[in-house]
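Each in structure tokens, the structures are laid out below.
Next come two complexes built around subunit A: one with subunit B, the other with subunit C.
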Partner chain A sequence: MFKKRLLTGLIAGALFSTPLFAGTAFISNERDNTISVIDTKSWEVVNTFNVGMRPRGILLNSDYSKLYVCASDSDRVEIYDAKTFEFITDLPSGDDPEQFALHPNDRLLFIANEDDDIVSVVDTETHQVLAQIEVGIEPEGMGVSPDGKWAVNTSETTNMLHWIDTETLELVDNTVIDQRPRHVEFTHDSQRLWASAEIGGTVTIYDVDSREEIHKINFEIKGVHPDRIQPVGIQLTQDGRYAFVALGPANHVAMIDQQTYEVLEYFLVGRRVWGVGLTPDDKYVISTNGVSGDVSIIDVEKREVIKTLKVGRYPWGVVAAP
Partner chain B sequence: MNFSVYAYSFLGVLKREFLRFIHQRSRFFSSLVRPLLWLIVFAAGFRAALGLSITPPYQTYITYETYIIPGLACMILLFNGMQSALSMVYDREMGSMRVLLMSPLPRSWLLFCKLFAIALISLIQVYAFYGITLALDIRLPLIGLLYALPALLLTALELGAIGLFLSSKIRQLENFAGVMNFVIFPMFFMSSALYPLWRMRESSEWLYWVCSLNPFTYAVELVRFAMYSQLNLEAFWVTLATTLFFGGMAIIGFRPEKVTGTK
Partner chain C sequence: MKTIKKLITAPVTACLLASAIALSTPAHSEGLEVRIAYLGFEEDKGPLLSNSFPEPEDSGLKGAEVALRDNNSTGRFLKQTYHLDALHTDDADELYEFATQLHADGVRFFVANLPADQIRRLHETFGDDALLFNAGSKDDALRVNECIPGLLHTLPSRAMLADALGQWLAARRWNKWLLVTGQTEDDKAYAAAIRRAADRFGGRIVAEKEWDFDTDLRRTAQQELPMFTRASDYDVVIVADERGDFGEYLLYNTWLPRPVAGTQGLMPTGWHKAVEAWGAAQLHSRFERHADRWMNELDYASWAGVRTVGEAVAAIKTTELKDVRAFILSDDFQLAGFKGRRLEYRPWSGQLKQPIPLVHPRALVSQSPQEGFLHPVTDLDTLGFDAPESQCHVK
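And now, the complex of A and B:
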């Protein structure tokens, strides 16, 4: 009797337990209008599903249940179930949404509208556009501080960071940065802001309270011309130890000490790497290599690229769930 | 004759080769300088050229210097195998080989001892090369260096066997220099040691086929896969078959009457 129950239990467990894989990474494929789903244990593509046109920025809500996708050419933000990959709803986004950031309250979504030079703030529950904040020309990068106080946008042509108070939804300050700022990332204690400048070839770190520059990081890779070093995506580990920066056509990802700002390693990845994402346990970095159409996996502890796997055409954004 | 006689003879040959290795330090350094020049000078110019395609056993993009390490390790074995064969011609001319082959032990055993001793000496040089590459901050999978050992040994035996076969065919020392040029360089350059075969195929189909027929290509690939903890079965069988074929031919070729005969 016990054996029968045990067997039934095992079969039921095998059939109905949902976690078929340890963790999941989502990759937006800009040219294919798809999202690639990667099992973060086997590092294989386990699913691919269709989304709106030209998906770029992607993110997950705080409980990892919903996947938000910037469908740039469809002029909307789409929301998918992160487990079943089924379409749930879409949000108004303004024209050409490229990057966005979700407030820790999961309600306020800050969207950079590249063609309109504005940042749209959308309520994810009521679907209402709460504000449209004018910023510099070609807004691109978008970040919200983990304490929820600040939203920061980068404008590619104006070469500025735009500081938005998330309570009043008003622009309160602008900071000049090196040429073509692409991405911003707050440290997990919300004290520092890291911002990349693609043409400037630098990453600048700001003190959030004073909004003053603290440090500027330059990159140098043996055998790579300095012009090809174009920092874009940034990811910071939660423990405050490492930062990872995608260096574009240099085909490398830099590993940086978050405290000393020293570049520790350069990892060779695929062609034109723009996006980087960390698994929630901070053990792996995933880079999206646009031109070569693949993603590279970096083992943080071993400090080596362990695998590169094909996804769709022009992978852009990356986000991972446990 | 019992086992101890065979073992004694092997140790004797090994000792002789080892002493020769110790006394010819310049040969040791030159065997390291050659691949290191390739690695430091040649690879520097092509550093970024290869990070564009992923082929087994690699799981991700690699730099050119990472790619050529297995080929350069085999380059040491190739030059050593051939140079040792050159010393066989010298030995035969000077008489020490005659003395060795006059012992009551089977000729095949003596030649095997010679081959194995040469291979072991070559391995010392290959691992010295690996040590220098690690010191140059080129990343190699450390466990792979252990897995590569049997692959390197088989490759060393294969190249030594080819060298022995050639030396059995050469009557004069002077002729060997020509054979070096006609054997070593084509074997090395027309293989996957410096460029992957897909790259060869992009430039020339016939060159690709020549490289595909070159046993040195399979030796390099056997070592390359072993360094990444994988067994390339095709490369293994080709290398083993080549070793047995040329080893057999060398034994047949080293007939006593030929050794004792005039030049």
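And now, the complex of A and C:
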């Protein structure tokens, strides 16, 4: 899930006001129409609240006050208060919104409409649909560069990355990628784009300026057939050191060196892991394990899975607030 | 049976998409035009006892049409335009004429939703100067001893279906099978595949019965079938009734309270509405909007044939027959087929290897290969005839 990062000022403010307040992680449960709320200190599920039908993509705005949820089968994006979990409003989203990404200005929301082969751009304040951009079949992943210049969408059946200029809201380039591209994630300096290909079994890194491929990562896990290694969710730490990639039915999360692209570790998690999220301090990775209905917590420093938590049915998206 | 005939040449491209896409992409290829033929034979199945739920008459055709749109969606970013020349009819000669005419016009890619004899006839005419996708025949001989160069199979063979069921029965330890076979040659071929699966996966066929009743079972199933299925203890009744004549009436009418599997009841199949994981829900949704009905295994097989051409041409940017064929049979080719695995063709038989869903009419029960059935190359090759069992090498 695309996630906004803290400004240092906000960190200081948060620490002053509630020094003991533990962070919160939100998990969308695709088959339960709920969000599980996890305390990231005790690692317990502390709340579960109802949302629209088939919630998948979730994200937080830049000050972590609002939680956005793609309610795919309700054909809308819902906004909840991230502290009280109260429903605030919903946004028009086009049909079947799956993933989305919020521009750093908190205004432009880019939504992949999986059934309609378009990306909708919605103004989060006026609720206006600013543009509907035609892309390939089954648009899936969405990312916006931290510098706000680029929005990138993946189309699962067309097997392309679609590069959208966020000023003109026009499609300006298309890059062919391996079979069934899923998630895209920009590095925090906006220089590189990481993109996973589920059936291709790879993660490709692109140079953003030239939009050229600069590296392709393959995965190999002892005892797991290569067909089952299906990269989906990607998260990149802010310090530029690590990347985490969910490997689907391989039931592992890969830890990768963001600079050398070397795979450092494979963590065994639950069954069919498709989402990964980082806590804002980059200390923990939370993986959503779709088939086993749980999430696994990975301690980044210790490099181990420290806990597995039962959540709802088919946990899909994950995002964490401080 | 009424004749349905459809003749479509579908240049779906321009209207869909022209405007919004300011393609600054430098052309990866110079405006390729790709023609694919679809040949669909609507077989007269004869009178059926179980005729309350008619099968769609355009099975296969609709799958090819959806795949054409999929191809053009990618194609528009690559300046490739795909066209489908399609004929779906119950007249075999008309199909043959149509195909030979297209071949004379330069068409080389044929998706053939046809019975085995019509596929053989096409091959005899075209030789290897065409790429044929068998999307209509489950015949094992086509894949094992006939070794037709340039023939690929997107529809699973009977052996693959039977093995998928056999593995699942082995996993459940339901090892005692009662086999009930219909009258047609196809039913007998299905039964032969079941016997082969029994040998491979430790099933024991405790008795075999041949269905030769001619009563209308909608009235007398309750009396007839318990007697008919009397046998020493069995775990499951396996029925080989490909036309759907009597098999539906076996369920709940067996002598022993046992499940029914095979062509009815729990069915191994190439595709079904109940398959919804791995993005399949999206394919169903596209299909249903286009066809206004559910997508079945024939639709899927034709879809896979048209998509295979699209994937290959998108990757190698040429429509040269020998290049396309070589690429499809190479290690570089893979098709994302919404079954959770990358799909490839077996270089010996030209068969698309694929997981096989096991479904009942309203739900997915399992998907084979089952866990624990191992293979030195890929567990997908535990389904159907493997390389050492086949005399072919179509590559």
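Definition applied: the second predicted complex is superposed on the first by the 301 of 322 C-alpha atoms of A that agree within 3 Å, B and C clash if a C-alpha of one lies under 4 Å from a C-alpha of the other, contacts with A are read in each partner's own complex, and residues count from 1 in each chain.
As a convention for this text, contacts are C-beta pairs under 8 Å (C-beta built on N, C-alpha and C of every residue); 3 or more make two chains touch, one makes a residue touch a chain.
Everything quoted here is computed from the prediction, not taken from an experiment.
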{"item": "Touched partner set for A:160, first subunit B, second subunit C, both or neither", "value": "second"}
{"item": "First, second, both or neither for A:57, with subunit B first and subunit C second", "value": "neither"}
{"item": "Which superposed partner A:222 touches (first subunit B, second subunit C, both, neither)", "value": "first"}
{"item": "Touching partner for A:307 - first (subunit B), second (subunit C), both, neither", "value": "first"}
{"item": "First (subunit B), second (subunit C), both or neither touched by A:296", "value": "first"}
{"item": "Larger contact residue set on subunit A - subunit B or subunit C", "value": "C"}
{"item": "First (subunit B), second (subunit C), both or neither touched by A:173", "value": "second"}
{"item": "Contacts of A:141 with subunit B and subunit C, given as first, second, both or neither", "value": "neither"}
{"item": "Contact set on subunit A toward subunit B in their complex", "value": "222-224, 251, 268-271, 292, 296-297, 304-308"}
{"item": "Residue ranges of subunit C touching subunit A (in the complex, touch as defined)", "value": "17, 20-25, 28, 69-70, 73-74, 77-78, 279, 282, 285-286, 314, 334-336, 340-342, 378-380"}
{"item": "Subunit C-facing residues of subunit A, complex", "value": "96, 114-115, 117, 133-134, 136-138, 155-160, 170-174, 176, 179-180, 198-201, 225, 227-228, 230, 249"}
{"item": "Footprint of subunit A on subunit B - complex, ascending", "value": "44, 47-48, 51-52, 54, 59-63, 139"}
